[in-house]
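Across the two complexes that follow, subunit A remains constant while its partner is subunit B and subsequently subunit C.
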Partner chain A sequence: MIRSIFFKEFYKIRWFMLMILLVNLAVSIYVMITTRRLFILDHPEIVWYRVLALEQINYDDFKYLPMFTGIIVAVIQYLPEMWQQRLRLSLHLPMSSWKLVFIHVLIGLSAFSLTLLPDAAILTWITGKFFPYQALFTVWMTALPWFMAGGVAYLGCTLVLLEPNLKLKAFNMIILAAATGLYLQPAVPGGYAKIIGFLLLPLILMIFSVLLPAYRFRYRRVG
Partner chain B sequence: MKKSAFVCYTILIVFLSAIYLPQIYRAIFFDNIEKTHLFYSPVIKDFIYKEKLVGSVPESVKVKAEDHHARISYQNSNGNYMSRIEFEKLLPFIYYKNLDIWGLLPLNIDGQVYGKDYIKKNRRVFELKSVHINGKSPLTPVWPLLESNPGQARLVFPDDRFRMTDQAMEFINADVNRVDTDLTREFTRALTDKGFKFPPRSVNGKFTVLKPFDEGVFLVDHNFQVFHVKRVNNHPQVIKTPIDPSIMTRHIKISENKAKQYYGLLLDHSGVVYLLSCENYRLSPLPLGGYDPDTMDLKLIFNPLYCTAVYSDDIMIHAVAMDRRFVPLASFSHEMSRGDITVAKQVYSALFPFTLSWNHLNSGFVSLNQNYSGLTGLVGIVISFVIYLAWMRISGRRKKFWSVLLVCITGIYGLVAIQFAGFDE
Partner chain C sequence: MTPVIEVEHLSHSYGKRKIYEDLNFSIAPGKTYALLGKNGVGKTTLIQILMGFLRPISGWCRVLGEDSYNIPPNTRARIGLLFEGHLSYEFMSITQIETFYAPFFPNWNRDLYYHLVDKLRLPHSHLIKNMSCGQRSQVVLGLIMAQQPELLLLDDYSIGLDAGYRRLFLDDMKEYLKDGKRTVFLTSHVIQDMVGFVDEVIFLERGGKLFQTSLQQFEDSFCCYRLKGHYDHNTVQCIEAINPVIKNIEAHADFIDLFSFRSLDTVADALKDIDMSLGNIEKIPMTLEDAFIGYTGRY
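Here is the complex of A and B:
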């Protein structure tokens, strides 16, 4: 059964995911080119000064990319299900609803993570190539909250799309914006380093929360 | 599993509400008031300050508001208001350019005459902000060691940076992003020859070329011994300073200036601040009663007659006026207008029994800070509970134990959660 759900989801999202992957790859390559260009236009020690001391972020094009990726993954995964009420059929499969929803979420989050892999790999490579290894920690403590924002955006958008009640749908949009905003606050590079573990809390809460609208959808509680 | 989902969703709503609802309230109703500017006047030998008033503006301030918005007030330590021009005339060593334009220079104070050039030469400011103390902000631990003898007027960045490892002062060439083994060996040997113990506690310096000259860096070794390291003609010059390791140096704020009298400020682990003299690294402790480096910003204002230390947290500002040997002459503490209890603040405390803020207070790190409203918050909880009861009655719904408990603990946030989390299902 799980295998069948996996293939159903895979066939549904594969071409979209490929497109998202290509967009992410393109942005990563763009960041790579602009970083290299910094070193062509100026002396390396000046670039180091600007990036390591003056806190200019050479990879800030990545900031909102995971968030948009998360939202798009959720939309392509759940919008067809909700438009055509296909999810109702799935929820009547001989499997508990929570397991079914979790499998869908797991597939979505895995697909989302896969699309971010090139971003993560290229960001690590760029930093390691152009900067001393100490910069890697700062870069990861800066970019990791952005990547987590993508996961939260995916789950928040899932909450919105699965919710059958219009009022709650609107409220879940606020939850999506508020939760994502926690990860995208203005901060100096590495500013999230001390609470990076705590940032998992909203993610975990949201993973469980997406079950609620699914239950409401399953039992037609719209009013 | 449905219960877990419900609990998680409720916690999520309460958590986000406790962050964002107070934030929205603050954005709408709170005035962003900057800190009070407090000085010691060498003319009247008293403290005077400039601050933005909260609430209604007294008539006596409006009368004095010649050329500025009346909400900006100028007062002395007795609370008497003055005009901006009167205020500036009382601070001739700060506003000496205006005094010059007004034809009031040279100045005579206690029989001593002060001209523009003399004032200019004898005034400077040292500043130690809480957020800049070692370990309080994120940092990529790679620093430049400038050439202290550049052979030209302008300082330039070297083509390498150094990092401190467990065994070495390691230089990395920025052109190739590789360790410069020769320079690393030379500097590490120079340090160990002087008795430096790796790994170091901190690296302190002013890492910019926008300064008149370079004094290198001050390294605090593992045993809290302070070493002064300079790069002179691309070779190390290491001095083991006589600074007592038992004070456990926490931070050194270097500020190269043309007077060449002090390197800057040194903070020890017990919170005492010293001026670090260029003369054999002598330390002059500053008598700053109540100073807390973790919550307060410190400013040291030198003029030809006095040195005034001004330090403040979010609410209180303190000042100590000292003579040039740092003997205290007068001190003053004042609750800044930003700390005034306004109606908006009282409503805030009553409305939100607790608040969460996702900010970086006195630190460069993002953190989750909790604030409790204490007894005032109970008012909000009672109001929320009454609203809950009325709401249940109007909608004809049954009160549930968990919803009552949630409102009693979280007040308004609980109401939001009950409205949207589906407590009736």
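Here is the complex of A and C:
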């Protein structure tokens, strides 16, 4: 049954996911090219000084990409379900509703994570190639909150799309903006390192929070 | 015999707008029921409640012995739902959608599904979004039947279908239901389709007034009596006062139609009792659609 839901979601989102993957790949290649260009136009020690001492970021094109990716993945996954309330087709299946919703969310988060793989892989590769290995930790502590922002954006957008009540939908948009903004505050490279573990908490809580609008969608009335 | 659907003291409203209050009826197994009524009386609301997608304000609604808004998964497997507009996952093909649904239902009958969809003479790789309304309805019907449900809830099965596909839908349903083991609860605006298909009718009127009877009983007992001549508004109002003998009155330019469950003599006597010196009254034959409009009114 889980396999059926997986294939349903796969048939629904596969072509869009391919496009998103290609866009992420294109941005990753662009970052790789611009990083290489830094070393062509200047002496390596100057580039290292600017990046490692002056804390300039050569990969900030990645910053908002996971957030937009997360939002788009949620839209392509749940908008077709909201059109004429097609989610009712799945909610009637002989499977508990919370399990069904969690499987959908898990598939969406997995698809989102897959699109970020080229970003993560290329970022790791170019940092390892052009900078000392110590820079890898800083780069990961800088980029990880951006990737988490994408996960939160996916879950926040899911909250918005599943909510049947317009006023609560608007409220959920505020939650989406606030929660995502938490991960995208201006900071020095690696500035989030000390709180990276705590940043997992909103992400995990939002996975469970999706149940409430799904419940309201199912029954149209709580209590 | 345990009812398949039991509705007790059901009340629902949207904000301040009351849809119904203290609605009560039950559905016996093995029969086909039609919920009929004018637009806006709450038919879709009731179907949504039965389907478990709307929790009523108060009262009880049990489907196969379970609260309608809390039906466990194994009971949901025994209920086939047809959503208004023949809703389906249109991004899938004929084969893909069957592959999606099959693992959920232990009694899934794959051959029955393909027996129905092969009538469309489309390749199995054909996407549902590229089908017409009628073709889509055949796929959705195939999915419901393949599930082998005990109870079928069909919300406006006829919407968007031309006469041919409606006839195909009904013929396939009649064939499927002939063993008498399944119960159907449907809504439709095509009243004539009910003839020869439905066993019982439930009329739902504004405010929640409900009348349940067999279709045969309704057709046999509900009559139209015509008074020829021109009658003014005061006369019509006087006749309306002899409720409940007269269920409904339709005033036309040259005649008045009186709709009643009573005999011609009873209606004529009731008119005499209010000193109405009216012309000849005669019984007019009606189709089921005429009777439905006579019962519910034109507006």
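Heads up, the rule we're going with is that the second predicted complex is superposed on the first by the 221 of 223 C-alpha atoms of A that agree within 3 Å, B and C clash if a C-alpha of one lies under 4 Å from a C-alpha of the other, contacts with A are read in each partner's own complex, and residues count from 1 in each chain.
Everything that follows uses one rule, which is that a contact is a pair of C-beta atoms (placed from the backbone, for glycine too) under 8 Å apart; a residue touches a chain by one contact, two chains touch by 3 or more.
Keep in mind it's a predicted model, so treat the numbers as computed, not measured.
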In the overlay, answer first, second, both or neither for which of subunit B and subunit C A:His92 touches.
-> second
Of the two partners subunit B and subunit C, more of subunit A gets touched by chain B
Does subunit B (first) or subunit C (second) touch A:Pro118, or do both, or does neither?
-> neither
Does the superposition put A:Lys194 against subunit B (first), subunit C (second), both, or neither?
-> first
Answer with first, second, both or neither: which of subunit B and subunit C does A:Ser4 touch in the superposed model?
-> second
In the superposed arrangement, which partner chain does A:Leu211 touch: subunit B (first), subunit C (second), both, or neither?
-> first
Of the two partner chains, subunit B (first) and subunit C (second), which one does A:Ile175 touch, if any: first, second, both, or neither?
-> first
Residues on subunit A in contact with subunit B in one complex and with subunit C in the other?
-> 96, 221
In the complex with subunit B, residue positions of subunit A that touch it | 43-49, 52-53, 96, 98, 129-132, 134-135, 137-138, 141, 168, 171, 175, 178-179, 182, 185, 187-195, 198, 201-202, 204-212, 215-216, 221
Per the touch rule above, subunit A residues touching subunit C in the complex are 1, 3-4, 7-8, 11-12, 80, 84-86, 88-89, 91-96, 218-221
Along subunit B, where are the residues that touch subunit A in the complex?
-> 1-2, 4-9, 11-13, 15-16, 19-20, 137-142, 144, 157-161, 163, 172, 174-175, 177, 207, 358, 360, 364-368, 420-422, 425
Which residues of subunit C touch subunit A in their complex?
-> 48, 51-55, 69, 73-74, 76-77, 79, 81, 83, 85, 87-89, 91-92, 96, 99-105
